[in-house]
């Protein structure tokens, strides 16, 4: 992408001081930036680099004395920089508004303004895409799905029938939203599937990682709260409810009907059994196995997960275990001997 | 879906008592059901709700005294209810018999009656689809594949060449069946791939979860027994054999050439090393790490997996470990002191 | 595939002794081979089967006395056999050179000789495919991607914009290369995404398993070294660097910015925390949780991962823990008693 600085300032919504005719081709840190790139000054300790940076424009609060390059003035330079990064990243996706001729969009689907539907996409009956929704190549959207404005679905992601997706949601490639929950009932020798007729609801500003799976509810709804971020290869089972602004790292697994609060952090490969309640702001350490409910504001780790301090002491103690067992056996022998002597002494006495 | 009760009774194969002209639009529990919905009475304790339910029809055994709504009579009301659920769930998939014009089906493929092949599906040379097989959008079926009657393949699933799939099998989105096993041989400095020329066979009534992967055998066949249910993000490696009616929960990993019996349950995130034998009806607790063969009818858990009772005692004991280590050190000091005194005593004696 | 032995010898680059007109239809071990199949003699202990094998041709070093079937002479019979296996395995993929009419290939993409682009494939702007690259059905290649010669991308894999892929790389179905890293910054109550503008580079001869995900770097590059083999459902986070010829088994997870050396083996379900350094030739046992850097040539296992011998002793000791705790409590009681008596004895003395 090449964009004139005037236009970039306008898209970022910040005032420009200086020559707006130069073209910006990328963004980078203040020390790494090359001519043609935009950078930012986010912390006073980087002010020393103002003189030496090769950047063609700087986002900062206020204006530097004796400046030589154009300034984009922002009260939050880092956030404005993130916005600029986003523009350049999205540009590289090559998104073109409109419906690609190879896409198959139901006549009963309704589309907002400026949607982009890529090659080989499918959109089912009665589904609705909000304004500026992007469905990249090979994405599948089943019937009766709603996708909120400015959401972005990457190639080959699958959104099954009945799913509700908020605004500005990002769904990465290969993610599957709304596949059947894993529900069965034994009928003598055979196992019968319990049809899963609920759905999935995903709040605004959620991100779902590549190849993650969010199962539809048996009945009712599996819910992902607004602002929650889910990494790759995560499993969220049927009827799970996750609060707002929680973070689920890669390969986490949450079993059916578990409730997870808001601002929770589950580190990589954590597993939760079903039907438990994990309170707000809980943190679970990597590979932790959570086997029962956890009150709010608790940090746990290990298998089975225990309060983090306790778990640390236990795992540290384990290193001493082989020596300790040897010592205990030795103590037992010495105590035997002492008791025997004492017995002899007693008999002698 | 709107279906007249007469037609619904016929599709469910049960006798109808009452007005067959009403239209049913959904199914629900006896307390939740709304007008237009079908419910069921599966247990006498719910009989109290017969009078108050708002459902428009009820599946039950026998007829209630003074009934006001039509009854579908069934010796197994819950199973009939599951059938009805299945009808409504499948209806929401929007499956249309026939071959979508964007699908690419080999001229040498053979198709049974009533198959449904969705947009952008590919079916390879010499493959066979049984009657009423459904391949949803973007599904890939390689060459020389056989898919049994009434199997359902969800969007963007991949079935590689040579795979054999039974009847009524369900394969969820993003699942990959028959990808290469992970086999290499070291040749001095370099690693060489061992081409994987075996295949995968999947029995009748199996379900494979979203984004799970079932590797083809190096030579021979990776087998999933009839009725086995596999959840999402599960890995089954090359040459594994799994018996009938086993249940593999999400994110389970089974290494190469392991044999898993029938009616086995592997809870979430369980891992099995390769070349072991897990007997019939074995149960492995969540996150368990199975490092050797397990006899039939055993329940194990933990890492490394041990009989469940033993594992529980060990994990319960671990909580006492830090205190225990302090106590042992104290005992050692006290014993030292006692022995020293005893020594003094001996010298004095 | 049916191939005349003369032609097969030529493709394998080895001399043929005997009748080149026979047709070969498959490959198998010396005891299993049927008429029409090619086998090999890789070790003298199998020489006894030379007389009885039903194979129609044999790959071996030198010529047997009194041979009756044609011989393909090779200094490395097993490697030549692997090559033959590869030919037959690839043949079953049904790869056809050329661009399928349903594929959507950017006019600005550049294609080498003999590429094969399957149905519903997408290739983005400015991307380059080397000679004989194969993109199977439904594969997505974003803009500004480079794929080296003879690389093979299986159905429905996704390669996002900016990725660099070496020669002879194999990417299995559902794998996602170059999806966004998982990077956020807290801004008061809300979590903001840090756009991920780096890329992924994959060396020659790498294999990436089905449904694995390799995240693009935040800035800079996530790197997979030449010859490294990655199994299914593996997660490699942003800015990770992996050396050459390493092996990552299924469901491994590597957190952001971790560095993994060459010839490393990570067994199934291993997890690595971020920002650590795992040295060359390190081996981590299945389900191991690596929480800090590991020097080269070390074998570790368990959670938290410890040197393998130590971990084994600890896990073996754990089995004695419940008994040990009982014993320690008994010892404490006996010591109390002994001290009490000693006290009495002292008073008596």
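Details
Residue numbering begins at 1 within each chain, and the chains themselves are lettered A, B and C in the order written.
Note that in this section a residue touches a chain if its C-beta (ideal position, glycine included) is under 8 Å from a C-beta of that chain, and two chains touch if they have at least 3 such contacts.
These figures come from a predicted structure and were not determined experimentally.
A turn of 120° superposes the CA atoms of chain A on those of chain B, with the angle given to the nearest 5. Counting every residue number used by either copy at the chain A-chain C contact, under half are found in both chains. Look at where the CA atoms of chain A average out and do the same for chain C: the two points lie 26 Å apart. Shown for chain B are the residues in touch with two or more other chains, namely 102, 120, 138, 156, 174, 211, 233, 251, 269, 287, 303, 318, 321, 324, 328, 331, 335, 338. Within the complex formed with chain C, the chain B residues making contact are 102, 104, 120, 122, 124-125, 138, 140, 142-144, 156, 158, 160-162, 174, 176, 179-180, 182, 184-185, 187, 189-197, 211, 213, 215, 219, 233, 235, 237, 251, 253, 255, 269, 271, 273, 287, 289, 291, 303-304, 306, 310, 313-314, 316-318, 320-321, 324, 327-328, 331, 334-335, 338, 341.
On the chain A side of its complex with chain C, the touching residues are 27-29, 32, 78-79, 82, 85-86, 88-89, 92-94, 100, 102, 118-120, 136-138, 154-156, 170, 172-174, 205, 207, 209-211, 227, 229, 231-233, 245, 247, 249-251, 268-269, 286-287, 302-303, 315, 318-319, 321-322, 324-325, 328, 331-332, 335, 338-339, 342.
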